[in-house]
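The following pair of complexes shares a single chain, chain A, combined with chain B in the former and chain C in the latter.
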Partner chain A sequence: MVFKVLWGFHPRLAVGPSLLKLIHTTVVTKKKNVQASRQESYTEDFIKKQIEDFNIGKRHLANMMGEDPETFTEEDVDRAIAYLFPSGLFEKQARPIMKHPEQIFPKQRAIQWGEDGRPFHFLFYTGKQSYYSLMHEVYGKILQLETHRGPLSEKTDSRDLIGSRWLIKEELEEMLVEKLSDQDYVQFIRLLEKLLTLPYGPAEEEFVKRFRKSVTVQSKKQVIEPVQYDEQGLAFSTSEGRRKSATAQAIVYQHGSGKIRVNGLDYLLYFPVTQDREQLMFPFHFLDRLEKHDVTCTVSGGGRSAQAGAIRLAMARALCSFITEDEVEWMRQAGLLTPDPRIRERKKPGQEGARRKFTWKKR
Partner chain B sequence: MTAKTMLTGVTRLSSRIQKLDPRCFLHGSAQAAQSNPVPAEHPRVISRTSDSDPAKHGEQHEGKYYSIPIQDLKTVFPHGLPPRFRMQVKTFGEACLMVRKPALELLGYLKNTKFSHPAVRYLLYGEKGTGKTLSLCHAVHFCAKHDWLVLHIPDAHLWVKNCRELLQSTYNKQRFDQPLEASTWLKNFKTTNKHFLSQIKVQEKYVWNRRESTEKGSPLGEVVEQGITRVRNATDAVGIVLKELRNQSSTGLFHLLVAVDGVNALWGRSTLKREDRTLIAPEELALVHSLRKMVKNDWHGGAIVLSLSQTGSLFKSRTAYLPHELLGKEGFDALDPFLPILTSNYNPKEFESSFQYYLENNWLQHEKAATEEGKKELKFLSNCNPGQLERLCASL
Partner chain C sequence: MAPAPAVLTRLLCAGVWRWPAFLQKATPGPARLNARMVTRAQVPVVSELQDGDDLQSRILDVPLQHSDFFNVKELFSVKSLFEARVHLGHKAGCRHRFMEPYIFGNRLGQDIIDLEQTAQHLQLALNFTAHVAYRKGIILFVSRNRQFSHLIESTARDCGEYAHTRYFKGGLLTNAQLLFGPTVRLPDLIIFLHTLNNVFEPHVAVRDAAKMNIPTVGIVDTNCNPCLITYPIPGNDDSPQAIHLFCKLFRTAINRAKEKRRQMEALHRLQSSRGSEGSGTSSAPDKSQCP
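Our next item is the complex of A and B:
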C-alpha cells in the first residue's frame, strides 16, 4: 500500500520507490528562480482523498509499529515517523513529518459564486466578506444585549480572561482565510471588548472563547530546582550549567563564608580577570547573599568567559533551592536562570569567516 | 605587596583628629611612641598608627598603617619601592605601609639576630599580590633606621632580561658585564649608605686600567665613584663592593642586610643572548655571579632577606608561588637552610583597615563604594588580595 510521508516543502522524492511514492506533483515547478507558489487551488475532492489516504496510512503505521490502529494518536504518529526516518538535520521543519492534510495544505476558499456568477454571500463585494460578516454578528449580539439589559452580572472577569489573550492578527487571518489590515483587527478587538463589558450569557461566552487563546503555559514554572540534600549535616545543592562549550557543575552550601573554589583552585587564581569574577558575583550580589554561601565547582571546556558564564548559571540554579519562589521569579526575570543560546556561528563557504567576506577585488 | 596605601594630596577634606600630631612628617623618628591613636570618628576600625619607627611595631599594631617619613623615603628607598606603590605615594603625598604579621615576624627575627653566627636567610613567599615586596621594604626601613648597611636589590629580574648592552667582562673572559644596570644600582646604593662609604676601607688594591687604580685602605666610596663615573667598570665595582662588605661585615663595624627581591631570577633562565644568538645562562653574568656569592650564608654579621617573585620571572607558570617551584632545584639547594615566611591575603580586620584607609584618602569616588554592600563587593571581587584590591580601587 502506498504510504505517504511528506518532507516539509513537497519535493520530488527519490527514496525507496517501492515504499514511498509521492502521488501529487502539482507543487514542483521547474522554473529556477521562482519559489513554488502556494496559490494552486486544491480541489475539495483532492483534499478529501488526501484525508482518506492519511487515515489509511495512519493505520498502516500503527500496524507497522505493532500498536492498536484505533487508539493511535498524533504524538504516536510523530514518534513513529521519527523512529522510522531518523534525520540528523538541525532544522526541525525540514525533517520528515506526517500530519493531517488540514495542517499541511493551506486553507482554501471555496468558489464563492454560483454558476450564474452571482456571489453566495451578501457581503461579497466588500472584499472581506467573512470579516465584515463577523463584525456584523458581534455588533448584532451587542445590540441584543443592550436591549435585554438584565440584572447586573458580577462575573465580568471571573472567567479565564486572566489566563488567555486575544488572537493575534495572523491567527485571525488564518481563521477567516482572508487578509486583514491593522485597523480592521483593532476595530474587531474593540468590538469584542465592548461585548465583554455588557452582561452576557453562556452562548456569548462560547462565542468569545473562539477568539481567545490560553496563555496559561506559565513561563514561570519552567525551572525545577532539585531539592537540597544533606551530607554530614551540611545542606547543599548541586546543579549544572552550560555556556558555549563549557560545562560546569556547582555545589552550593547553604552556610558558608563566601569562598569559592574552582577545580580545586581559589577563584582569584583561576579567574585572574576581574570581568569573570564579576560574573561569578552576579547571582549572590543580586540576592544580597554575598558572604553567606560556600561554593565548590568543576568546569571544563570553553574559554575563560564561557567557563565563567557556565559557573554562573550553575550557581544560580543551585541557589534556587535555598530561596523563596518570588526570588526565583526575580532571578528568572534578571536572566540568571536562562541558558545563553549563543553559539559560535558556522563558517560559510565562499566567505572567510562567519560574516567576513573575502577581500573584494575590483578586477 | 602589602596594602598599597593610596596617598591623597594635602587638601584632605575629612578631618582626621587622630592625625593631628603625626601630621608633621619632618620629625622623623623623633616621634613619641604612642601605641594607639585616639579614634575620634571611627571607633570600630582604627586604620592608622602614629608610630613611624618599625622597631616599635608589635602585635597591637597589626592591621594598621604607619607612614614613612619623606626624608627616609629618599634615602632608604631611592629605588626600592615597587612602581605601583611609588605612584600611590606620589598621589597621596605620603607613604603608608600596613603592619602585617609576616613583616612583624621578620622584624622579630631581625631584632634577635646573633651577629656572631652566620647570616640567616629569610625567604618571603606567597601568592601574587600578597605583600612580599612591601614586607621586604618594611624590613629594609627597620634596618635602615637602626643603622645597618642595607644592600637592597629591588628586582633581580631586571638583571637577567632586557639588557641593552652586554660587554665581555674584563675581569673574567667567560662572564658578561652589564654596565647600565650596575651603574644605576651603584648610584642608588650610594644614596642609601652614604655615611658608611667613608668609614669602610678597602682591603686590597684594585687596578682598573692602566691609569686608574684604587689603593688599599682607601674608602669604599672611591670604588663606588669609580663605578659610577667609569661605566665600563661598573660591574666590577659592584663585585668589589659586595666582596668587601662580605669580608668586613664580620668585623663588627656595621651590620649588613642583604635584601634581594625576585631572588628566583638568579637561578632561573635569562633572555639575554650573545652576539651569535645563543642563550646566556645566569651564572655567566658577572652581576648574578657576585650576587649569588653574597646570598650564600658563609659570612656573619648580618642577615639576608629574600623574596620570590613570579611577576617578573621568566618561563615560570603564573600560578607558581612555592619556593621549590620558582627557585628550581639548583636555587633551592643553593639557598637550602632558609627560613620561609608566608604572606597571605588580608584577614577581615586588615581588609577593613585598608578599606578605611582608602576611604579616608578619598580614593574611592564611587557613590556606592563607601556602603556596606560596596565593601562586600570589593571583598568578593578581590578575595581580600591586597594587590587585586589596590587595582580595583584604582579604577573606582
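Our next item is the complex of A and C:
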C-alpha cells in the first residue's frame, strides 16, 4: 500500500502503478546572506568581554615592548602596533588598529523601559526622546529669559563664541545616540541662536558651550624654527622643504640685501626661467620684505619647477622665525606653508602611462 | 488571560468604561472585549489582574464600587469653566456636524458650547483618567498646537506620565513593535488636548488609538470630530486660560489617583503585616481601617 499526499486533497490510497504520480516539489533553498552575519546590535556582556580582552591585550603589548603595563597610554599602544605590524597601505583606516572597544563598536541604547513596561523618559513615545527633550529644555530656558528680560536689555557680546563653531549634525547625532534629520538639526541650531540673542547668564552660557566646538587655529600647530646665531653674531634660521622629488634646505639671514644663492650660484644663474625666480621671491614679496633678507640654500632632486617649489617652502618656513604670529597666519592662509602633496602618478599595467591608454583599434 | 474578560465586564457594569451608543450597536460585546487581548498577546501582561491575592483584588475593586471615588467633581465647576472661557467655540461656518448636540447656541456668529454637558463629560473623563492612573496605566498627552507644546510636556512630566506634542510618525501606535522593540508597552490612555493637527485635520493618533483599542479622552472644539474619541470633552482648545485649566485638572486628577494608590498599598501592607503578626502571636486582631 502506498500512501501519497497531494496538496489540498485528502490522502487517498494508491490503487495501482498507473495512478502513481511523481510529485515534483520545489525545494526552496535560502541563501545565507554572509554580510548579515555581523550583529546589528551588541549585547552588554559582549562589550564587557571585549573591554576585558582589550585591557589584557594592552598589558601583553606593554610586556612585549618592555614597558610598564600600568603607564601604557593610548599613544604608546598606537606606536607599538605600528612597530609590530608595519603596513604600507595608503589608507590610514585600513591599517591594523587596537583601540578601546567604545571607540570601535557604535554606541547603542539600553532598553528604555523598566520591568513593569513603563518607559523611563517622559518623551519616549515621540521616538526621538533625547532630541525633543533637548528642544524642550532650550525652549524652557528661552521662555524663562523672556519673562525675566528687563526693559533695558544689554546684549552680552559673543566673546566666547568667536573661536568656536556649532556642532555638526553628525556630532550631535553621536552625542544624542539618535538619528536626526537635517530639518531637526537646523531647527535646533536656530533655537540656540535665539537663546543667544537674549540676555543670558553663566548657566545658559555653560549649557550652550556643550554644543560648541572650538576651532583649532591651524597656525598654532605651525612649528616655528628657533633663531640661531653664527660666529659673527648674525641671526639666521634654517629649514627644509620638499616638492615632488626635490629636497631643499634654506638658511635665511635676518638682515641682508635680498641676495639669494642656490647651490653656490646666484639664483639668476641657477634658475634662468623667470617663473622659477618669481616663485623664490614670492614669500618675501608677500610680506613686503623683498630686500631685507639674505638666503643661502641647497637643493637636489626633481626638475627646475620642483626645485623652485621646494626652496620656496623651505624659505617660507625659515622666515616664520622672524615675523609676527599674524603674518604667519596670513602666510598659512596664502598657502606658503603648506607642502604640495602632488607627486608623480605611477604607470599602470595595461596602459601606456598613468592615464594614457594604448591606442584603441576597432579591429 | 482567563480573568481578564470577567474584570472587563465588571468594569462595564460599574459604569466606568462607557462606550458611545453608536459604537455599541455596531460591534457585539464579547468580540470587542477579546480584541484588545489579542493585540496584547506578546506584551507582558501587567500584574494588576492577579486576583489570587485577596488584598490586591480589594485595592483594585474597591474604587470601582463608587461612581466618583476620587471626587473629581470638586476640582471644577461650571463657573470656573466659564471664567476659563471654555464655552467659546469657533464661528458658525467652522462648525462640525457631530458637535451640534454639544453646542448651546450661537452669539454674533460665534458658537457657544453647553457648559452643563461639558461639566458632565469632564467629570466622566477625569474619573476615567484617575482610575487609569490608579491602576498604574500609561497616559499619553497628545497635542499638535505649538503654542501649548511646552506647557503640555511640562504637565506630563510633573504627573510622571508621557507626552507627544511633536511630529507624529506614521506607525507609532500601529507599528510600535518594529519602531521601539518587541516587548514595548503601548499607552493605556491617550489624552488629546488638541484633536486637530496643524492643517486642521483630525490627528492621526485618534484613528490609530481606535485601531489599537486604546481608550481616548479628548477636548473637542466646535470644529472637531468627536466620533472616535471615547470620552470627548466639548470645550475650547484655543484660549490659553482654557488649556491651562485643563492641564491643571488632569494633573490634579492623576496625582490624586497615584497618591490614593500609594495610600491603599501602604494601608494593605500594614494590614497584611499586622495580620501575620496577629496569627503568629495569636493576639486579638486590630480593627481594619476603612478607606
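Here is the rule we use: the second predicted complex is superposed on the first by the 221 of 363 C-alpha atoms of A that agree within 3 Å, B and C clash if a C-alpha of one lies under 4 Å from a C-alpha of the other, contacts with A are read in each partner's own complex, and residues count from 1 in each chain.
Quick note on the criterion: a contact is a pair of C-beta atoms (placed from the backbone, for glycine too) under 8 Å apart; a residue touches a chain by one contact, two chains touch by 3 or more.
Keep in mind it's a predicted model, so treat the numbers as computed, not measured.
Contact with neither chain B nor chain C is seen for A:Phe188 once the two complexes are overlaid on the shared chain. In the superposition on chain A, no contact is made by A:Phe54 with either chain B or chain C. In the superposition on chain A, no contact is made by A:Tyr253 with either chain B or chain C. In the superposition on chain A, A:Phe236 makes contact with neither chain B nor chain C. In the overlay built on the shared chain, the residue A:Phe322 is in contact with neither chain B nor chain C.
On chain A, the patch touched by chain B and the patch touched by chain C do not overlap at any residue. For chain B in complex with chain A, the touching residues are 127, 318-319, 373, 376-377, 379-383, 385, 388, 392. Interface of chain A with chain B (complex): residues 258, 265-269, 272, 274, 277-278, 281, 284-285, 288, 290-291. Chain C meets chain A in the complex at residues 43-44, 46-47, 136, 138, 140, 150, 153-154, 156-157, 160-164, 166, 169, 172, 179-181, 183-185, 187.
Of all residues in chain A, those touching chain C in their complex are 111-113, 116-119, 122-128, 132, 136, 139-140, 143.
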